[in-house]
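Each of the next two complexes has chain A plus one other chain: chain B in the first, chain C in the second.
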Partner chain A sequence: MQSYYVLGSSQFAMIENPISPLPETVCETECACPPLEVVGHGLYRPDAPEKLTGQAKYIADLQIPNILQAYVLRSPHASARIEKISTAKAQAMPGVAAIMTAEDLPAANYVPLVRNDLPLLAASEVKFIGQPVALVAAESYEEARAAAEAIEVQYEVLKPSLTIEEGIAKDWILWHYQQFTGDAESVFNNPEPGMHIYEATYTTSHQEHAYLETNGCIVTPEDRGGFKVLGSMQCPFYVQKAVATALGVDYQKVRVVQTVTGGGFGGKEDAPSTPASLAAVLCWRTRRPVRLIYGREEDMISMTKRHPSKTVFKSAVDKDGYIKAVDIHYYVDGGAYITLSSIVLWRGLLHASGPYRIPNVRTLADAVGSNTAPNGAFRGFGQPQVAFAADAHWDHVAQQMGIDPLEFRRKNMLKVGDKTSSGQLLAESVGFEEVVAKVKAEIDYDRLLTLPRTPGRFRRGVGLSVSHYGVGLGANGGPHNFAAANVVVAVDGSVSVAVGTAEIGQGMTTVMLQIAAETLQCPFERLYLADTDTSQVPDSGPTVASRTTLASGNAVRDACQIIRQRMDNYLKERKDLPWREAVSACHVGGVQMAAQGYYRPGYKLDFDDQTGHGATYEIYTWCANAADVTVDTWTGKVKINKFVSGQDIGRAINPALVEGQIQGGALQGIGYALMEEYILKEGRILNDSLSTYIIPTSMDVPEIVPVIVEHNYSWGPYGAKGFGETPLVPAAPAIINAIANATGLRLKHLPATPERVWAAWQQEHSQDSGV
Partner chain B sequence: MAEKNFRLQCTVNGHPIDKMVDPTARLLDTLREELHLTGCKEGCGQGECGACTIFMDGKPVDSCLVMTIQAQGHRLVTIEGMAFEGRLDTIQQMFVEEASVQCGFCIPGMVVAARALLEEKEDPTLEEVRYALGGNICRCTGYHKIFRAVLRAAKIERQLRLEGKPSQLKDLPGVHPAPSADRL
Partner chain C sequence: MEIKVQRHTDLDSLLKAAASIEGRIFYLAGGTDLMVQAHAGVLPPATWLEISDVPQLHGISVEGSELRIGAGVTHHEIMRSQLVQTWAPALAQASANVGGPQIRSRGTIGGNLANASPVADTVPALYSLGAQLHLISQRGERTVAVEEFALAPRRNVLEPGEIIYSINFPCRPGIKGVWNSMAQRESLAISKVNIGVSYVLDPELEEGVGFNYLQVAFGAVGPTVLRARQVEEYLRAEPLSAQRLERACQLAQSEVSPISDVRSQADYRRAMAGVLLYDALSPLL
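So, the complex of A and B:
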């Protein structure tokens, strides 16, 4: 008998979802949308109680009998040729069930991504520290690790290439994109009189996702030669494809079940494909369940991060403050393999010139290789780096020209009817002006800007930054631009909603169920989200690019509309029956009470590789962030007194969850701006733990005020767009601009750590006799 | 591999434990693997994140930093011991209402740390809440909704006490832990 107390998975009696009276400003625009009953309310998350009581099962919480523990032997070198791998000694170690190297793989030795260039196990060469070289499965983790350490690998060590500059010099270019609009060259060559021309270079470091749960998975053999993969992930269908590719079997032989996932932020987009495939080949070899869960250090060293970057930004502004031309060269450090870098680069290219009307644009974008772990998806996806460059640049230009930086932005920012740098017409839902006005008021911009600048140790200032965010994968998304949803109404009136995107903490479950409840006109409590299991749910595309509410939400709405329509047609004047009775009557009457809904982008998308033109994204979210800071010029420490983050998100399906996303995203952006940084030495990450890679704690977080603006998108579910990434994008430039306003220092590298701020201050004031 | 050659006797969530375990294992692993209490999480294994926080004799500790043998004779309470018969603790309920939970991985540790604070201070200030949760990292929420939940829970419990009503947990029967210092 077990002698401890475990809570049964009973209902939690105290949780009742109140439908609060509608807030007065539910819809900011002058559209005639009727007030909604479920959408637009801060309903409680149905997944909260289980998470709060420790019952939610994350991957490491599963206990499976007869399971083997896997361990990955990794490369200690940034660049080397593998001369010989000898596993004989390791094979003889206690508890070992299988050892595998590249030679032993059953099928393809790559992770299927853009160019399929990342090997599962290094065969003849290693290109980054931490790259998987061999695998061990053993009865215990300790035995697996000991055996892995007994594998002898002979390397011929080569000289690594470690920076963007080295990569450029070696011509190690992974990918290139470009955009040409108007004729930027001639503007710069023959500037108009009074035109202001300025060029500067901006750089950024890596950023680590630091999801609190590391990557991990379990693969078990199934009947009829199939495999089941359980794990922490954002994109179950990516994992299915990767595992099927690694095993050389049909996709349908691989069943992927997402377990409750402890944070993703992009770090569980493509990355889980690697551990899942590694565990799967061990499972294939041993025909036993295999568990592979990364330790924190292992996860930090080998998994994806935000690309370091360098942006050379040149601008021409006419004497009245209108932007005439930009010439941008954007480089990202892709790491050792292409993986997703091309797509990251593409988003960077299209957002590089910022949310402004610019007639002449020349943007070159290159992903450069280096002997470091491949960089990948991270909230913002190639945009935060270039948004920092652009908006720190414009702030500086405005100051140089003696124009209020906010006024400068107002003059140039995009409106309905304008075209983006790719020539795309903005037909609707541009709530930019309103966002900026509200953020400005909330931060008390005008007062702070005109505060007398007193000399002394502490300097206060305010900064603002704006950006747009193309929702979804856009013209580059291919088959991933679509989404499906299955909705089934049972005889008792309970409803199953199945989508293939994943709940990773962002609140998808609640949002999908709110959309379904609204559309079916059924009580929220009767709805259940199906487990994210590829054998149960349709492919709704990946859980990325802030697309879930828009894509899966539309598919859910579509399915529910079909069912509600059928019900109404059958019930006719009995339409207003209570839900349970209505369902029962429909079932008796033979109404088909299940449907599949489908979503495709609301506008036709295209992109031309040569010119960089096209209708690239169906809709944009508009964001402004503002920071009120105090800089300690003696220590370089920047204290944020208040941070405001506003976005036009179309419609807030659940405002409480929207606020949480804004605050969480903004804080990641604050970390990116001020403290988060990997220190690399010869390709090795020196700070590979959460005590040395510092992220914001409860002691660091400033007041963060979320501002929600709702300019409905006609094709969005109840007008919603998508915004999970946006709050992070202009966070760093807002802070950097505030530092400039406070101290006069124009920092051009992220993060602005106290050391850097202090050094810049010292350099600027070395002539002074103290402060 | 280390042997299960130690007879661990302690109480967990009010229940007596008497079990042969590995004395050198981290208490976190013993709780999760031997006692199947997987509510406490491993975020770092090095005392950096707080996801593994439990109560030991009423004080919050990082269970990844405690050796199993150190638990001998002590009273442990994990997140599994904080709700009872389907009723959430006030703090848990406020986390639901304030939308304080996102991915949830930090949450068990947060709730324990927050409970520990409210046991010490009936009326904490925002600064005290920040400080008390300083060892619990959350990467999702930006913390503010967590602060609000804790402050609201404190207020509700104060109110209940004022009205002479025992707080919702203290009057519950049985051996489950109640949020009073002598039981935690």
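So, the complex of A and C:
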């Protein structure tokens, strides 16, 4: 009987292991794992050749006969009551096959998420610009669009609520979480002598995922009253549930096939449920295939983005530099509906006080409503905003107290045996100190910190920021906290690996196959990942929360282990036979050469709503980012000379892919820090194109050095944790702290555009600007 | 949207068609502005004439004492041209910074002018070079100074049936130039402010730096590209010094009249006009 440790509130307990036995390669601390055959090598991506040669078929590339083109009529108002919709004129337009409003829907008028509050089509009111109001299916896109524009909607326009402040004033609170540890209030009310108390407010703007491929799908009618959904997405089983809900049919009547997906970053977690359901109801109505692919502008105005935020951060640090208490109020702008905001808020709450040992914590977290498109999942999921607040804050506090900011973090950083703010004991895999030490060396921190500070136009500085990331859905994962994998070995020795999580460019295919090859002891080239088709793969939970390597990887490993065990039992002394012969012998001998593997979190998870306590995540990834910058004080332009991002990821299944993920995440964080911003006027996005919403190009990429640290996780596949989101989380604060080090400016709003840096400099130095 | 496009491969047939078509005409060369506007749905119904294969609109050559650039020459061709690098260095730099490689391979200098955007990257360079635009229609040819061409955003002096034929300017021995811009990123960016400076130094001057020729223009700081005449006069009056350059930068800041929009703010643009001028001329100090 295998057993494993469970975290209760503070005690270890032994319970029966529901998953696979401990991997043999596990090591507790700094790792000198024996090299493996396949895992740990930078193998090529099987999906690369088709993508690189332009042969990969994205949703817009599919040609389906007799297909109708759909167009969505959207609200032009941020807030209005719908008085009347008249479709008569539009019905008579050429090429029109169907027009639908909320009244014509076959079943539920909502997208199934947390509170089911986002309607598919607005019925009596619209709450954001871009909200779907009516649908048209026509023979051509132009005809569908023309007909949609001929639909007459009478609105009674209302005054919208557009900011976090307005939402608070109106008490439009979508969700609330809180955490109380120790007694923060009494620390602030009765400060010890020499205690440093500081409060500041930090704000952030929206961020757009800017995936290369916009949201889109095709729905076709199938035999026996079924529907097939093809589309660009992260979570095919979310789409299946949404479409089945919209049509009022069993999940199994809806077959969802993920097409090659051009990026997600969280923007295709819940969001594709809307276009898929809209296309599905048109397909239901017309019994013809329907194609709905969003244009860039409509994708930008109506789909999810990173929540804007405001964080009021108050801290108490004792005279020796140890953090004693924090009092944090974290607000996110959820947009017009709850959708996923509660879950985003939860992750923010639990990471708000940062990866530090803090005995007294009071954190209040509110998702505030506004008449803007619902904000949702985006790489980091509520953490980057509050990580910016926290780690810009601590950097400033350290400076105010005359302590080296890195030393300050070292004093307070979490280690094995410490408890997080939720009271969770960190039992293993905390490679934080090693990450910080390596990042410090790589950025040449000590030298940069002591560079003579020359007056003049160009100022150089270095900044650092740290973060932890709870891998997976955690205690808030509800029914999704699992993964399954089906592995089938054919007679010729080729192997099908089927998981329900999705390849969205992150490299899941390669990682799953490497884990399978290692466990089966079979050649990598003989493995095939099954198409992500709900009729062929098991549900493995969503492709989110940096969970795929850990969750689906464990399920794959479990299935492969079962098969390999059966093979070894049968083959006995012949188990070193070449793969093909071994498989053939097993098939002849009647060995069952297929298995389903399963994953559940390695530790028991819980969360208490009142106190904010519990064993919230099974394991954490640890990250430190550092930036070496030069600020042009005349123009406010920040040039990044070098960026270093280090992660303790447990184990790198594919180091080449890990490095790519680190560099991509860091770059997305650099964009968030310096240039990416939506400009809204009365709820309308003014820069709804990629020529005005500015993301970094290849010409903006500085030297980004990835640093991989491997403190194995006992219950990770070959010791791996997940980390896809982590590099982004403390990217912005590292840059903001470097700007502060270079110029003395403490910027409290993201992004730090040249305009803002310049304005801040002007304010502080109105006398000595060069020109 | 369905658009009917007539393709012309000869100047005469093009001008004839342009003269006979009733209603609006759009001339499609690189399409880097026109296609974007068509996608945005802001174009009125019109006949589109495709002109990118009209041979008379191509070619870069020195004719007499003038450099001639056909209106249909792409930014890529301009940035690679030895003639342009020699006789119009500010333009070579501007063309090298338009958009990204794809846009430079399609977009033309004539289109950049005809679009009449105050942000157009090549236009401040053309102002600084004192370019003359040769316009042509079935009625004949005429010449206008580049500064007279754009009237307001998206409005120019072209008459019905008339197109830009070529861009000409004198070959000035010893010409130097600088083009620069402020933008949110390093490539594929629309400028917040841009500058074109062309000058010929005074070889007679024994000490210091003086100008025999100097023209300065800014983009994105007014309804059209703006020639900074006060700055020019001030700088031409006496040899350049650090103090005089600083004063010229202040003059530039007062001479421009920018607005705030999605790309930047008026006060920032105003300040950056001065910094761009400083960066353009401070290497001479």
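Annotations for the structure displayed:
Here, the second predicted complex is superposed on the first by the 733 of 771 C-alpha atoms of A that agree within 3 Å, B and C clash if a C-alpha of one lies under 4 Å from a C-alpha of the other, contacts with A are read in each partner's own complex, and residues count from 1 in each chain.
Heads up, the rule we're going with is that a contact is a pair of C-beta atoms (placed from the backbone, for glycine too) under 8 Å apart; a residue touches a chain by one contact, two chains touch by 3 or more.
Everything numeric here is computed off the predicted structure, so don't read it as measured data.
By the touch criterion stated above, A:T753 is placed in contact with chain C alone, chain B being left untouched.
In the superposition on chain A, A:S766 makes contact with neither chain B nor chain C. Residue contacts after overlaying the shared chain place A:T697 against chain B and chain C alike. Using the contact criterion defined above for the overlaid structures, shared-chain residue A:A210 touches chain B, although it does not reach chain C.
Using the contact criterion defined above for the overlaid structures, shared-chain residue A:N190 touches neither chain B nor chain C, since it reaches no partner.
Here chain B and chain C are compared by how many residues of chain A each touches, and B touches more. By the touch criterion defined above, A:T635 reaches chain C but does not reach chain B. Of the two partner chains placed by superposition, only chain C is touched by A:I679; chain B is not. Contacts of A:A60 after superposition on the shared chain: chain B is touched, whereas chain C is not.
Of the two partner chains placed by the overlay, only chain B lies in contact with A:G664; chain C stays clear of it. On chain A, the surface touched by chain B in one complex and the surface touched by chain C in the other have residues 142, 691, 695, 697-699 in common. Those residues of chain B that touch chain A in the shared complex are 1, 12-19, 32-33, 35-49, 51, 78-88, 92-93, 95-108, 111, 129-131, 133-147, 175-176.
Taken in their complex, chain A has these residues touching chain B: 2-8, 10-15, 42, 44-45, 47-58, 60-61, 63, 140, 142-143, 209-214, 260-265, 295-296, 504-507, 656-657, 659-660, 662-668, 689-691, 695, 697-699, 701, 703-704. By the touch criterion given at the top, residues 142, 634-637, 675, 679, 686-687, 691-692, 694-700, 753-755, 758-759, 770-771 of chain A touch chain C in their complex. Per the touch definition, chain C reaches chain A in the complex via residues 1-2, 36, 100, 182, 184-190, 246, 249-250, 253, 262-265, 268, 271-272, 274-275, 278.
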